[in-house]
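Okay, got some structures for you below.
Each of the next two complexes has chain A plus one other chain: chain B in the first, chain C in the second.
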Partner chain A sequence: MTDVANAIVLLLNFVIVPGVAYGSQLALGALGVTLVFGILRFANFAHGDVMAFGTMVVLLTTWWFQGMGVGIAPLPTALIALPFGIAAAAAFNLTADRLVFRFYRRRKSPPVILLIASIGVMFALQGIVRLIIGPNDQRLADGARFIIKASEFKAATGLKEGLAIKLSQGLTVAVTAIAVAALFLFLQRSRAGKAMRAYSDNEDLALLSGVNPDRVVLYAWLIAATLAAVAGTMYGIDKSFKPFTYFQLLLPTFSSAILGGIGHPVGAVVGAFIVALSETGVTYAYKKFLRYLLPESWEPGGLVQLLSTDYKLAISFVILVVVLLVRPTGIFRGRVLS
Partner chain B sequence: MIRVENLHLHFGGIRAVDGVSLEIEQGSITGLIGPNGAGKTTLFNVIAGVYPPSEGRVFLQDEDITGLGPHQLFHRGVLRTAHEFSSLTVAENLTTVPAGQAGEELLNAWFRRGRVRAQEAEIRARAADVIHFLGLDEVAGERAGALSGGQKKLLELGRTMMAEPRIVFLDEVGAGVNRTLLRSIGDAILRLNRERGYTFCMIEHDIDFISRLCQPVIVMALARRGQVRPAGDRLLPGARPQTRRRPIMSFLIGDGMTGGYGDADIIRNCTIEAEQGEIAVIVGPNGAGKSTAMKAVFGMVMLRAGAVLLDGEDITRLSPQERVRKGMGFVPQERNVFTTMSVQENLEMGAYIRAGDIADPMARVFDLFPILKERRRQIAGELSGGQRQQVAIGRALMTEPRVLMLDEPTAGVSPVVMDDLFDRILEIRATGIAILMVEQNAAQALSIADRGYVLVTGENRHTDTGAALLADPEVRRSFLGG
Partner chain C sequence: MTARFRTPLLFVVMAALLAAVGFGQSWVVSLSILNLCLISAIMALGLNMQWGYAGLLNVGVMGFAALGGLAGVLVSQAPVGEAWAAGGGGLGIALAVVVGTALLIVLLRRFVPKGALRTSATAALLIAGFFIARIFFDPAVEAIERIDSATTGYIGGAGLPIILSWMVGGVLAAGAAWLIGKVALGLRTDYFAIATLGIAEIVITVIKNEDWLGRGVKNVTGLDRPVPYEIDLQQSPWFLDLVHWLGVDPIAGSSIFVKLCYAVLFALVLIAVVWLAERALNSPWGRMMRAIRDNEDAAAAMGKDVTRRHMQIFVLGAAVMGIAGAMLTTLDGQFTPGSYQPLRFTFLVWVMVIVGGSGNNWGAVFGGFLVWFVWVEAEPAGFWLMDAITAGLPEDNALRAHLLDSAAYMRLIVMGLILLVVMRFSPRGIIPERRGR
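Presenting the complex of A and B:
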């Protein structure tokens, strides 16, 4: 019986807890992508780097606060720096829209053109971020490290395996829950949120109903920027901040949005958790887990790891390809990317 | 050939199909009729694999095909008509149908050119045969999006022919199609059935059409008990009797309008007027520019000449949105509801430009369409065609417009629902709103019209009261089928 408990704790500690935290970060990113797609009808490749940009501003502000000795220990200082990051990301999105996207939108360019323009914006933004803060790894987390420490857990339960929950993981899940709940309330209840859904559903009819398209587009960029800055900061606190990693997050983010059905907010959240848990689940070495459950003579010789962690990104890619082949509309029947 | 046993489908709490059993004989043309909301289209979708049934089984010649997807059924020769690819030409629409073309594989396309070409030539020949069979020769090179409604229907039929099906499901091929074209579609179906042995199962609202083609005819009853309409005075509350004297100039005038979407003028020197408390109807053959004329009044068409006046004010330069604020309500023919939003949210969106309380207009819409009140939490995309049309009209009424414009409000609804919709439109007229509508069902529409416009090739051909047009022998002969 303790073997089973040990096995479960092991799985929780190495697969479920990190997977859920990572899934929350992806969910915030995927929601941003899906919202921009629903309203502006193109896949915004710059989203990953907007996350990096927002996080960079959070990081700079955090250093400034730390220098002044301002903090909210045991919580990470980055949390009070977050509004600055959100504002910076929002300013960036609005500037990019004014300088680039609006031009193509007014010309009613096909989505592919906007998508390619967004790749250009992405490269420009990558340059900006590297100019300001450089390409290196930076630590964003301070304050307390753990909510539950492995050693405390072992002492409390008497199990051989420990369960550690980092403060950053708990924070990520809590912040995501608040952000998602606020977003859904906004979309379902508020007048502006309903206008956004209507615009996403049937643009012509929304215009006939008097919805102001500029206003809807503005909201979409602001919300996407907020979600990007929050997602980036949470990822940075949980792991670390490195611009290139944020660019790499683009693939799992898009896979999540498309898996859930792009343009569909609930789908983005569900998709994100599926992608995240697949990543942690497939790259985990199950040897120790199986040793607890199987008779001794069955003990596996290898690591029982389906894929090396080096191939983490390949998992999102495989999910993406399979979804596009089998069910291009995604789980919740979103739109088909074109 | 197809046997359906005790089929159920539930959407949430709504029973869309409730225990249907039926059989379709090989070589028959089976007709499916019934009131709106009986679940006819849903039944089609279940048989054609679009939705898996909640309960029950479907057999194709003793093979259990329950729950197979549309593409799997396609390979078994079970086809449901689908919309055309609007960006491809008519010929391309047909040549892309046959599955498993050798050219689909890159290796074949590169290394086995001969075989690919031979197959493509054969497919092109078949497409040419189909185009000829359906009399679409003249438009073979046109993009499908540019076809008239009737030609699109023929193209739908053509796409199914290319797949060499065993059984074809036709969902309201006659909807929105005039008499003459309906006859040629009917002829095509009969010839396919007799000469090429196709089995058909069709949903149709036109009883003449059904009785000419179909043997046997299956009648579906309402999946749920029908709605009992409230008796008594069904005027909109708040209706004001019109005391205004008839002005010299009409309330809404589209005067001498010439224009179109691109370089070609679709309407030429076309004049349309509507008066408050009256119904004006635009009728005419397919491709006459009826919808274009109405869209021109609403500012959705580039006008090269002419003017639009609302209550004496020149609104020619205003955008459609600005015209909505001026008191014009427009119900498009297609995509006229927010399918992912609830009925109530649809109505709320209709009143989006109104600041403040919308309880009053919403109560009025619910009085006009009681079924919407009952369904107000349901997603509009799940409603039947007739109910959706009610949502669409209700949405446009939420701004309390002075002019209501309807583009073919009865396209694709059953005669019963059509009569009902016309009744409601008469009630809306009684509130003093000016109504302008384009209608395919010319005779019925003219019978309720205070004035009618017969358009031919974008020009006014006849203009008179509805009754006078109905009595005019020339109008009867040319446009009303005798």
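Presenting the complex of A and C:
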């Protein structure tokens, strides 16, 4: 029996816990992408770099706080710097909308034009982020490292395998839960949220009912920026901050949104967890796990790793393609515009 | 100014810009910019076929360029006999298993009707094929990578002249495009964009990690050259006579001579591609492509097979990108998978096409020239700007040092702004598509 428990703990420690933390970060990103898509009807290629921009401001503010000796130990200082990042990301999104996207929206340009315009915004934003903070890896985490240490867990349970939960992972899940709950409450209960849903569902009908389109678009950009800054910061605390990594997050983020059904908030969250758990699950080497479960003579020779961790990106891509081919509307039947 | 004189005039201006760099900075710099301008123009022509003629939003240019680059290694490097002896058999069997699995799946899908049985059988075959192939593949790769891993550790190439790799690169990229097109064409435009973005990343990941194929991030350097080496030139009597007669320093002269040789080769390829592209665009085939782009439903109603035409143009465009990628590796003399960045190899090419004028071949060529020129010259310009802005600060000021250090990133901002400004104020590009014939 202890073997089974050991195997489960092993899986929890290396696949489930990191997967859930990563999934929470993706969920925040995918929610932003899906909202912008639902309201503005285009895939925003600059979203990953808005994450990087928000996180960069959080990082700078964190350094400033640390310099002044302000902190909320054992929690990371970045948490109190987060509002600054959100404000910066929101300011950026609104500026970009005012200078770039609004023009095409008013002219009712096809979504492709907005997509290409977002590539222009992405270019400029990558330049801005690198100009200010450079292209290198930066650490964002400080304060306590673990909620549960592997050694403590082993001592408490007497198992051979330890379960470690990093503070950053616990925080990520908690912050995501709060953000997602707040977003759903907003969308379901508030007047503005209802207007957004109506606008996303049927633009003409919503306009006819007196929904103010500029207001709806404004909220969409603000919420997307907030989610992006939170997602980026959580990812940065959990791993590290590197501008290029944030650009690369675009693919799993889009996969999650499309898998869940684009324009569909619940779908984005579900999709994000599926993508994240597949990534950690497929790239995990199951040798030790199987050793606990199988009789000794069946012990596998290799690592029993389906794909090396370098191919993480390929997994979100495969999921994306399979979904697009098998069920283009996604799990929750998002909109299929052409 | 009439449109007839506009295009030649623009190219004259471009030539003047390059000449200005030649007189102002140096001719070596000017010629290296020119060489990359020529390659960029070919890459932009490839994307212009896909986006400009047919409206395919391919955000995976990088992947095709990298496959072309890989061809440079696979064609020109000497084969590593030991590696083939150690792992060639295993690789062969693994390849046979993959091909066999693919054939079985094709047969299955032809004869079994659509339904749960077909889907599950396809999945089972895929999984079985994957594991069986890996039984042979993994030990072979390990054996290959163990052989002298500091200098080789890969299977090497065919040992042929590298100029052949331009063709092979095109074919390789076209083959990949065919496979990708089978899966991704027919998706809506924005999903297609995301899918191609992902494919390009995967191609790069594979090239980076499969060390047995092209040494991965360990890079292959010292590739074969289609033009003479500077050292040899400096020792050959006819060249010394030539530089003496011209009154040029032999070392600078040899460098310029080599760059000119490359420029001539690249220009020949560019001329050939432009000529073919212009012929194609102005033929009934070109009109059909534009008709499909402008209204798929109407074209389909007229009996045009939209999916097959999309596949055709996707493969053709990818082949051109592959050729350009192989040329780039040839020029660099090395293959460095780590240097493939989406910004430089995908999005920059997009800026070239949009700024130049999508749908117009001369526009794409001009965009390739202009955007590459700005991309290179934005760095010194950004440095100069930062220097001017911070001139009031003391030399050792941290902010000044930081801004001067990161001045190179100005080029990203400049590119973004150029793209946005052109899209807004001249949405059809500098040399717009000709219409109404």
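Rule of thumb we're sticking to: the second predicted complex is superposed on the first by the 336 of 338 C-alpha atoms of A that agree within 3 Å, B and C clash if a C-alpha of one lies under 4 Å from a C-alpha of the other, contacts with A are read in each partner's own complex, and residues count from 1 in each chain.
Assume a residue touches a chain if its C-beta (ideal position, glycine included) is under 8 Å from a C-beta of that chain, and two chains touch if they have at least 3 such contacts.
Just so we're clear, the structure is a prediction, and the values are computed from it rather than from any experiment.
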Which superposed partner A:D137 touches (first chain B, second chain C, both, neither): neither
Which of chain B and chain C A:K194 touches, first, second, both or neither: first
Which of chain B and chain C A:Q248 touches, first, second, both or neither: second
First, second, both or neither for A:E299, with chain B first and chain C second: neither
Partner chain(s) touched by A:S209 [first = chain B, second = chain C, both, neither]: first
Which of chain B and chain C A:E152 touches, first, second, both or neither: neither
Which of chain B and chain C A:D3 touches, first, second, both or neither: neither
Partner, of chain C and chain B, that touches more residues belonging to chain A: C
Chain A positions touched by chain B in one structure and by chain C in the second: none
Footprint of chain B on chain A - complex, ascending: 191, 194-195, 197-198, 201-202, 204-211
Sites on chain B touched by chain A in the complex: 320-321, 324-325, 330, 332, 335-341, 345, 348-350, 352-353, 395, 399
Chain C partner contacts - residues on chain A that touch it in the complex: 42-43, 99-100, 103, 111-113, 115-117, 119-128, 130-132, 134-135, 244, 247-248, 250-251, 254-255, 258, 302, 308, 310-311, 313-314, 316-317, 320-321, 324-325, 328, 336-338
Residue ranges of chain C in contact with chain A within the complex: 55, 57, 138, 183-184, 187-191, 193-195, 197-199, 201-202, 205, 208-209, 341-343, 347, 350-351, 354, 403, 405-406, 409-417, 419-420, 423-424, 427
